[in-house]
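Chain IDs A, B, C, D and E follow the sequence of writing; residue 1 opens each chain.
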């Protein structure tokens, strides 16, 4: 029971079955901004490009309480993370991103919050049939129907979704909804292949990333960094909306007499990210920060975790207000090599 | 506007010894994107364009450049920055002069009379972006969209950006070099966006902004893109005292947005960049324009017109409105 | 800043003033649990010596380094407690007061509510006090000179005292002569000294005193600076008479083409003067002045063939080309003694002052009974044909005083006695006249006043308790319509003459002085003193003091006493030679300042300037505060977009925690 | 270690003793702290060079070098310079007050590897804090090392940390202690001059020697230069890096110098490694 | 908190010279008024950073009052004029983003207007009471 068909008419029933778990799906009417919890009885539509905020927020919330405490007391209260969640319609690139970020959060010492949320989440993916203008997943080891990180993948076959369980969690989901599904026929594989191929063909942007990780160290002082960062505004759009960016800040916040220690997404593009209290900043300008961002994704991460920390989702390109285009930068890097 | 003339002028300016670089617009990497171009020599000027896609207000780069600590004995590079400005952008320059954010002698302002920009989102919605960079040009009564070699004429009303509909100053108010003749100004449209919010009752307004502000991811692009948000150390980043917590939620996001908008009261020159760059599509322009409207209507003040003006926030009139005072 | 804050909270019972409404024990218990609070105590009177000792001992024994006093308004006792903690070795600015009396126990009856509010106020104070910084007051040199504005008896006395103490004193008088209102008076109550006899020597003294520079016919135009260092600019109005050449002979006045045509200000318009005039014979300086409005030459450009005065002046002192001059000087202290205006009786139309010539004011009566007055001291009225002595004379008191309808709720304090005095003087001059005084109350509180009042009554002056409602004419007589409220008898009293006992009002032009010196008004519109009881001669502006009736109605002894008080207060900075500059001034963080100059535009004291500093090799403009000029108002700070300029003790990081504390206590 | 599975939850500790090492705007205060939980106390182990996240609840945390050697006893020592919000709050702590501690974090000086060698520590200002545990560790194990030389300097004698220990050090025959201040002062009978110069003057032999340095960036730069002059090889030189940190466990991202997380891969680096990190000296 | 026993929490910023003195005078005169208003004393209304109003609402206030000297009476000459302009703008902005206008008031109360202070307090409290507890963008405990 690894490949099943779900008639689109039964999609609401399928969703209805996922009770007892927190359902996340691309926000309806919210301008494709983000994944949001699905309200009771609501049937999420999956016909969207991709959300602007990646689904990483479901496992790595923008702001997350690490613990609560009383300033004058010793009582420290940890969050209880036990609610299971299902993310519906996760794009393959975003699922891959979670796999990539998993490495960081389980490296050396485990990050209990992230890993617990990961454990509790089931990713129901939707293969891309209409990749976006700036998608370049195929250049960084992914693809429109990559299943890496997904528990269950759905492929839009027109009338039906083809459902393939990738993991046991996915398998279990299929089992729970068995009565809504039909066994896929043999020709489905072919159909699927065709759709994926077509989709891959639709991906227009590409860059050869093969030599980049090895080449970046040699380009440390290359003038290209000044060139590509001159127009940078130093905002956090590219990093906050990146599915693999995972940096955070920790702050104590007090409301009344209760306090909490919480972490919030941070961005290496912010000046104060690395600012020492002394006023010294090891990355004093946008040039160093841009260089770090590219190096982190295409060099340091590869060194440490053997994978490029970029999934080619194109969000940073789409949303950069000043057309800083990572594909373009990578091409310039390639040229400079 | 004559592109040849523009590039010629830009080449001359960029080649000047006392000019560090010229900031203009150049074709972006795909679709309708236009990127800021930093032109250091005459040759670079060939990249420059001026089209209905050049919405970006480049004045922000005047204050964005970091003043890195100089090694002992090294002199700062005090060459001028040349800057291409539309009407709205020039008001930012004028306002920066009011606030001493820049020195007049450190900038060369190249004025570009502006017939009005297209709304990039609207454009992309109606005529989807292509991988190859596309072009938009002005015609007498609208625009021509050129994508993949195909030309489509579009009426001005269909695509004109909101900020341009409302624009009162399409011609640069300050410049050293003016490219071309001033455009004929048009009657600014009624600000329906602000009216619409104003006409809601207070609870509806609260709900409306709650939805908007809840989407804010606090990327600070609105602040960073704003030519008039140029504090080296923004109070909203500061932790002692903390005006706005780091955590991202409706409360903090609202505080951030109030503070940002309020700091621009009587300073905002309505270039609309904050709204354009917002990845969450928060209608930030409405906040700014609401305040700008109050400043104009109630206080008779418009920022960014006269570099010698008294700053609105640092002045008063004995007969300022006080009908709200008990 | 660095040591851990150890806060002591001291809750005052203020006898029962606080303790009867606020449950101080509960508050004490509550305060003890607040963060950083080491000690919380209550005491019956915190401001008392034992109360202060309590705090001082705790500071020493418990190592407290921050003090919160929850008691009365900081406007009352902040200095007291600052001093107390300073004596215990603490920086005086490590104090915060929670106002649980004026703004809590006195305004809320409910114990529960008042107690809760006291807790909140204390919580906010504790939140702030922890973050206060040590401040040091600085000293600057004080200019050893004073300015006295107004040369009536108050100004004269103050100037003489300061000058006698050995300090240069500038005495500025608006009119051509010193003397003020007192010079217009005939006799003074209750002793009946001749006013001129006792005043004139002082007038002469102040003109001849080596330390006094008398600037008569002059007005203060600008005042800048601050205590110890005021910059003053005075306009000396053109007299059109050479001050040094004029011998005061008076030939000019008698020869003037419009001689004796104009109402004499000094005689309340009852006498006449020429266009060139000496206000009164004893005027000091005895120098003539041409009134440009009445002078034909000055107002019309022509006076016969040539101005007579110029022709007759042997000294050649007339100078029509003269222009206003400005003198500028520095002083360390300023005394305002600008006096009062008599109430304008026209504002009580029911008394017919504008309609009936025989209805006159008390001030006019002073001139009438004065030997130097328009009638040479004869009390005369006109019956339409000739000047006669009145038979029936009525006085009405409280005209323009204690009268809400004209906006003056206050008592003018002198009318009771001056009407009694004038009744006595009339009795002396017209032994047969029937004199009655309509009154609401008789207030004879001063030394010898009650005795004088008794004497006047014994002199057959009738006191009728009643406030006349109207005066009208019946034939040749004036009818005073009133009710004798003691007998409830309506009266229509036919008299020949009515004297209106007009009260005292603030000067019509006091606004100018308020703007110049940043003074405010009390509800009665007179100048507001810094504290009604304890700082009655001080003002909110350091180094500016009040003397005489500009602060409120006063009789002569009180005026002189206050003038002496103001003089001695003004002498403090002068004698010390130094003044302490407030430590609560604004400060700029030059590393975050973006140099926009908003603060410079805003500062009403021009205390902020832009300076160029080098930051890591870059020349940048930043704001800098002149601490001596800064008053710590903080207007700059609220406009500073980068929060770079902050008033000490009222910084954002000190106020925001207060807000947080109050917000948290929903 | 204690039951605490969650690395973000700090242990409670009590300040057992605290004193100022230096004064002024950027004073340095030392805290001797003991964990409240006996089990934590028992199980805690750190090695010279490691750091800990110390903090005050409600204010935040700062990564601070542990300035004592485990050989000294069941306590921790931190010397903290007053800089920002957290260190200001730490400075307000007095004996008996609580602080929070997480850690230990980072790598450490490979003292076992160095056995049999001459140890040379070169510290400046607050940079002596990570040097002190080495000195203490070697002192406790003199037999295992060929010798111990300590160079320590600051701007003035008042700016030197650990002054109360100098007297005992002078008595220690096995320790070659060289103190220096930048400018001549009365009653100062040690060296006068910058640390790198004192190092040159001392002219230690690179043979079988490990040099460890920590101090202000400018000092480190010249010390490294001079060590090279003296013939030290890159792998004989160690130093520590510091960067802004938040998590301490290699997650939050910000402390990276090139591909290295200072909190995990550092703070101790040998010069050979350091030279390959492009941002190491940024 | 149910609506009927809701007591608004109001933070007031009073200038030292006029309104604070006026509030003191109300005390001296034993004028009675509601206890919901908590005063933070500043030297001048010009000191009141308009963002304090936002901050107070965020930190738990249901209403905010700023009170200073009448125009022309400012102890510092102009501070209240600046405050009037700044806070007028802020009021417009707050209303626009949906903060009930009854939550923010500004008044002129002189040192002699103890009675006016009482009236201002009553009005402020009454308005805040009508507007109900401020939920809007108040900071609150966030769910895990």
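Keep this in mind: contacts are C-beta pairs under 8 Å (C-beta built on N, C-alpha and C of every residue); 3 or more make two chains touch, one makes a residue touch a chain.
Quantities reported herein were computed from a predicted structural model and do not represent experimental measurements.
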| item | value |
| --- | --- |
| Minimum number of chain-to-chain contact steps, chain A to chain B | 1 |
| Best-connected chain pair, where connection means C-beta pairs in contact | C-E |
| Greatest separation from chain A - chain, by CA centre | C |
| Chain separated most widely from chain E, comparing mean CA positions | D |
| Closest chain to global C-alpha mean, per-chain Cα centroids | E |
| Gap in Å, rounded to a whole number, between the CA centres of chain D and chain B | 49 |
| Chain centre separation (chain A, chain D; CA means) in Å | 39 |
| Rounded Å distance between chain D and chain E, as computed from the means of their C-alpha atoms | 52 |
| Interchain centroid distance [CA atoms averaged], chain C/chain D, Å | 67 |
| Residues within chain E bordering two or more other chains | 50, 55, 58, 60, 78, 82, 86, 139-140, 142 |
| Junction residues of chain C - those touching two or more other chains | 591, 602, 639, 652, 656, 660, 663-664 |
| In chain B, residues with contacts to at least two other chains | 68-69, 239-240, 243, 245, 247, 249, 313-315 |
| Touch list for chain D against partner chain C, complex | 27, 82, 88, 91-94, 97 |
| Contact footprint of chain A on chain D as seen in their complex | 5-9, 12, 57-61, 83-84, 87, 98, 242-244, 246-247, 249-254, 256-259, 264, 278-279, 282 |
| Of chain B, residues touching chain A in the complex | 28-31, 33-36, 38, 56, 60-61, 64, 66, 68-69, 129-131, 215, 217-221, 223-225, 237, 239, 245-249, 273, 276-277, 279-281 |
| Contact footprint of chain E on chain C as seen in their complex | 73-76, 99, 101-104, 106-110, 113-114, 116-117, 120-121, 124, 515, 518, 520-523, 528, 540, 584, 602, 604-605, 631-635, 637-639, 647, 650, 652, 655-656, 658-660, 662-666 |
| Residue numbers on chain A that touch chain E, as the complex places them | 63, 65, 79-81, 255-256, 258, 260 |
